[in-house]
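The two complexes that follow have chain A in common; it is paired with chain B in the first and with chain C in the second.
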Partner chain A sequence: MEGCTILGALSVTTGVKDALSIVHGPNGCAHHNFSLLHATLATDTDSRFPHIVSTHLSEDDIIFGGEEALERAIREGLERDVGGIFILNTCIVDTIGDDTAAVCRKSWRVPVIYLPTAGFLGGGFSRGMLNALQTLAIHAKPREKVPRAVSLIGEKNLEYEVEENYTEISRLLESLGLHVYLRFVRDITIADLTEISRSGLNILREPELMPLGDLLRQRYGTPFVDRFPRGFIGTLTFLQDVARTLGIPCEDAVAYEMEHQTRVLAKFQDLEGIAVHLGRDTSNSFLREMVDLLGMFERNDGIHLPIPIPEPVGTGGVERLFHHWRRTICASL
Partner chain B sequence: MTGAVSCLAGFADIGVVIHGSSGCYFYPASLLPNAVYGTHLLENDIIFGSEERLREVLEEVRTRYRVIAVVTTCVPSIVGEDLLAIRKNSADIIVEAPGFLGDFETGYQTALKALCPVVDPVREGINIDGLNPIDPYYLGNLRETERLLSLCGLFPATKFSADTYESVFHAAPYTLTTNPDLRSDIGNSLGSLLGLEGTKAGFVALSHHYPQVDINPVIEEINHAEERITLVCDKFLLRNDPPSVLIFSGAPYALFAARLLDRYLDADIIAIGSRTSSPSTPYPLSRMVTFEEIKECIQREQPDLVLGSSYEQSVCEDSAFVSFSFPMRGKILLRTRTIAGPEGTLSLLEEVLNSCMDRKKKVTQLGT
Partner chain C sequence: MRQIALYGKGGIGKSTTAANLSAAFAERGLKVLQIGCDPKHDSTRMLMHGANIPTVLDLVRERGVEPITPHEVVFLGFQDVRCVEAGGPEPGVGCAGRGIIATFQLLEKLEALEGDVVVYDVLGDVVCGGFAMPMREGYAEEVYLVTSGELMSLYAANNICKAIARLARHGRSKCRLGGVICNSANTHPREQELVEEFARRIGSALMGFIPRDRMVQLAELHKQTVFEYAPTSKQAQIYRTLAVSILENGSLTIPIPLETDQLETLALAYI
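Coming up: the complex of A and B.
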């Protein structure tokens, strides 16, 4: 089950700090999404809130059309200090047939960008997220690359560990002498969107974003690595993939990471020899690698281990998973 | 829609099916402590009709519940599906609650009416209403009211909404409310249990109808609570100025807090941003439902203290803050919280005083 396209798209557009997202529909649609995004932001270290407003469609607007309400909301939005406005249709608006794109094409003081959403009529959460990323990706021009600059593409802003994953990727890139140039799209400005063409490498959050990776490669000539690293072996492979793509050496970084992984494993020696059960997901290569690394073994009556969704990122993510598993095991013994 | 779902989900033997997209389903489902179901409509369901999809879900869920309530969302409501035909001879309840028809309270009341509650003149006990499963005070208010009733040798009758479907048709003749915004208007109202005065008035009203009931244990507890409050508030005022306060919540909760802080701390209630409408009040209450209004109000007034939700918390940088209204995001909530009865009053004041004192310490430390 997926949420609707609105939430997927909003998870991207609210990552643009100086932009306002207008949800064209009844109050409830904006409120639901504001609340869910607020819930995620409230657990971060700062206390940001999503810049979302509603066009407040009433029963009369549904009957007679909501385009006037949309224009009113845009005008009110422009009274704020915003660098741009994103418009997201709800399912009810697509059902009644408002021409939202035409309203966006009018002459406005700042860019007013229509995103293809349409609630559940436009697909699911992932579709909304991908559509939004693709819409925002085409506002740049090919420019000179910044040396050793890497962009992260499509971080999942609703993911509980999004900042921890960013820290881990940054650490791994630094070990190769690289740095994160742009988080596309998280905590950036409207102006930053045009910087997407300047990184030498894009790292996609997950392979499902490959259409976007291809788009960025075609438009701006930027190669990509198709996922964040998973597992110990995957983390080493990630370092090698990044280095190979950019034509830089990685031997020292890989050697250092292997030593780091050995130190991490040493902390969990007490888990060796414990019988565990992975449920129905026994074919998952990541889980199998983790169990093998810890020297545990699978048995049907073993301690049932929680399966991480999504899978942890990098060595740091695996270390947190091991702590989680040890807590579960201790509670079961 | 969320209000309707919340109301219905409080009845353990009613299976609640949200007839709409997974996006519509996800929000109430993420807030409610018990399971609700959804038809998770896709585009084709709207083009070719969603009746079959609804039938499938109803068949899947039906065996687990005494009765099913279908709550419709925006698109199914306007495409004109004949849900009554789907219902046929079953006792399924249909609640039309598209978001564009109104706010949370409207949806809650619509659902309550759809249940067709009945007062049973011989039912013993006292009804409790205003209970809303997504309210952080839901369980706490229920337990506090039950506790107060038991002090008088009484017990609850129908609990709206924290009960069974059957109980809806056997409500007792009298009702105490924990949140007047969600009053059921079922049975004769004895008043609300917000605040010491309110609780006392409610139990005095109860004793007029049930003269044989001894309400003295409740009255004594209220008097004792008032003594304790007076003592600590007087002590607080020896070293502190009365706080200037902004309050954000539904009108009844907000007015309860305003009266409390005004009476015992001589607080300056600068403004109340109410999510719901209210009858006239001596306090500066206005309806504030957008985040921008709230943010602008807090930044303009720079109060000493803010009572509100995590929305308000995210924009009150220098004020003392008390988590008072829904939602309370970004923090762990494990214990039950009450706002009703003497325990509710004591809890709120405790949090207010501690928050004000913590702020003072913080300011002092920054000054040195």
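Coming up: the complex of A and C.
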């Protein structure tokens, strides 16, 4: 089971700071998602409210059509200081056939962008997220590239450690002389969306976003690396992949990262020789690698280690996982 | 209280038949309520002498949450037949089916669903759940299919049989098929035989044959039912007879819908 497409899309659109997301449907569809997003984002560094409003559809709007209610909500939205508006369809308005796209096409003061998000049309949270990213990706024109600029594509705004992961990727890119140019889509403005064509490389959060990577390559000629780094070896491969894609050297960065990883490992020597158990899914090669590196070994009656979801990003993510494991181990010794 | 629903293809003559039946019931001293459940909202026009009464959904749209009173949606027509039109959204937007459901709920709330006979005049094809509303529990318990010998109208009638049969499978539904009314389109000489055979094949019976008669158009031009315009005419007499057959009808069945090819073979046989 997966969440609704609309939540996936909202996790993207609420990443645009100066935009308003209008959920076209009954109150509850907006409120439910608002609460979820708010609760998740509040644990983050800032606890801004996500900019989400509803078109407050009632039974009458369903009978007579909801387009007027939508226009009203857009007009009210424009009274605020917004750089753009996203319209997200709920199930009921797609059922009765509201022409949301046509309402969006009218000449509004700011961009009003329609996202097809009705849950009953299939797909779940991830499809909603991918669709939203794709919709937002096509508003740029091909332009000259900014030297050494790299964009992060599809950061999971609702996952824990999203900022820590960002810091880690930035660190790795800097070791190659690169920098994060655009976080697509997190903490940016409507105007920033058009900057997507200017990065020299895109890094996808995970391979599931490949269709978006392809789209950006076709439209703007930007190559991509298909995932954030995972595990020690994965982190080194990541540096090589990035360098190869851009045709730049990476020997120094890789050598430095290996030393760094050795230093990290050294901090966890106390875990050597401990019997652990990884639960059912011991086929996970990444977890295997981590257990081996620490000199621990697997046994059915070993200490049950928590399996991280999602998997930790880069060397920094692994270090946090090791701390977590150590706490678990200490607690059960 | 008898609750009767007329279903059939668009333009086949449901409203004409409904209005004249209502007039016939009223003539017999029955209290009649006719509810037009077609967004076209012309079911009761002849009973109302050509006036387009405000529809329930018009009122809902204008009023919003403000309460609506029964006399704002129920109008007295010819022979004191009480007339209601459900209405609907502008063509091409919204959801007419949901509109029917909302209309019924409002009429319930207003306690307007009363009388000796309620006649529901419903849109041709049961395109969605909303248009099956009159067949739901608590509303029409007998459905009359209005059809001619034309294949497409038989096809629509057959579809409605499917809806009734489906509803009947839910144990609690009391909705049954009362019979078939042939409103002639003068399609071919054996039209009546064809419709009679169709009725038999779906497990029902022909309730009456209404010839195509200029009188209907004449009455319409005078914004009247045939009953009012020419009460002693042959056509009025036919509606009277039909009304009696319906009132005396004790045979309600769960129809057996035909397959499309069966229907086509049947139509071919009577060409």
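Keep this in mind: the second predicted complex is superposed on the first by the 331 of 333 C-alpha atoms of A that agree within 3 Å, B and C clash if a C-alpha of one lies under 4 Å from a C-alpha of the other, contacts with A are read in each partner's own complex, and residues count from 1 in each chain.
One rule holds in what follows: contacts are C-beta pairs under 8 Å (C-beta built on N, C-alpha and C of every residue); 3 or more make two chains touch, one makes a residue touch a chain.
Worth saying up front: this structure is predicted, and the values here are computed from it rather than measured.
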{"item": "Room on chain A for both chain B and chain C (clash or fit)", "value": "fit"}
{"item": "Greater chain A contact set [chain C / chain B]", "value": "B"}
{"item": "Geometry of the superposed three-chain model: angle at chain A (Cα centres of chain B and chain C, steps of 10 degrees)", "value": "60"}
{"item": "Which superposed partner A:His38 touches (first chain B, second chain C, both, neither)", "value": "first"}
{"item": "Partner chain(s) touched by A:Ser285 [first = chain B, second = chain C, both, neither]", "value": "neither"}
{"item": "Touching partner for A:Thr95 - first (chain B), second (chain C), both, neither", "value": "both"}
{"item": "Partner chain(s) touched by A:Gly3 [first = chain B, second = chain C, both, neither]", "value": "first"}
{"item": "First (chain B), second (chain C), both or neither touched by A:Gly65", "value": "second"}
{"item": "Touching partner for A:Thr189 - first (chain B), second (chain C), both, neither", "value": "neither"}
{"item": "Which of chain B and chain C A:Arg48 touches, first, second, both or neither", "value": "first"}
{"item": "Where chain B and chain C come nearest after superposition, their Cα distance in Å", "value": "6"}
{"item": "Residues of chain A that lie at the interface with chain B and also at the interface with chain C", "value": "59, 61-62, 95-96"}
{"item": "Chain C partner contacts - residues on chain A that touch it in the complex", "value": "59-67, 95-98"}
{"item": "Contact footprint of chain A on chain B as seen in their complex", "value": "1-2, 20-27, 30, 40-43, 46, 74-75, 78-79, 98-101, 103, 289-292, 310-311, 313-315, 327, 329-331"}
{"item": "In the complex with chain B, residue positions of chain A that touch it", "value": "1-7, 25-29, 32, 34-36, 38-39, 41-43, 47-49, 53, 57-59, 61-62, 80, 90-92, 95-96, 119-121, 124-125"}
{"item": "In the complex with chain A, residue positions of chain C that touch it", "value": "57, 60-61, 64, 88-90, 93-96, 98-99, 102"}
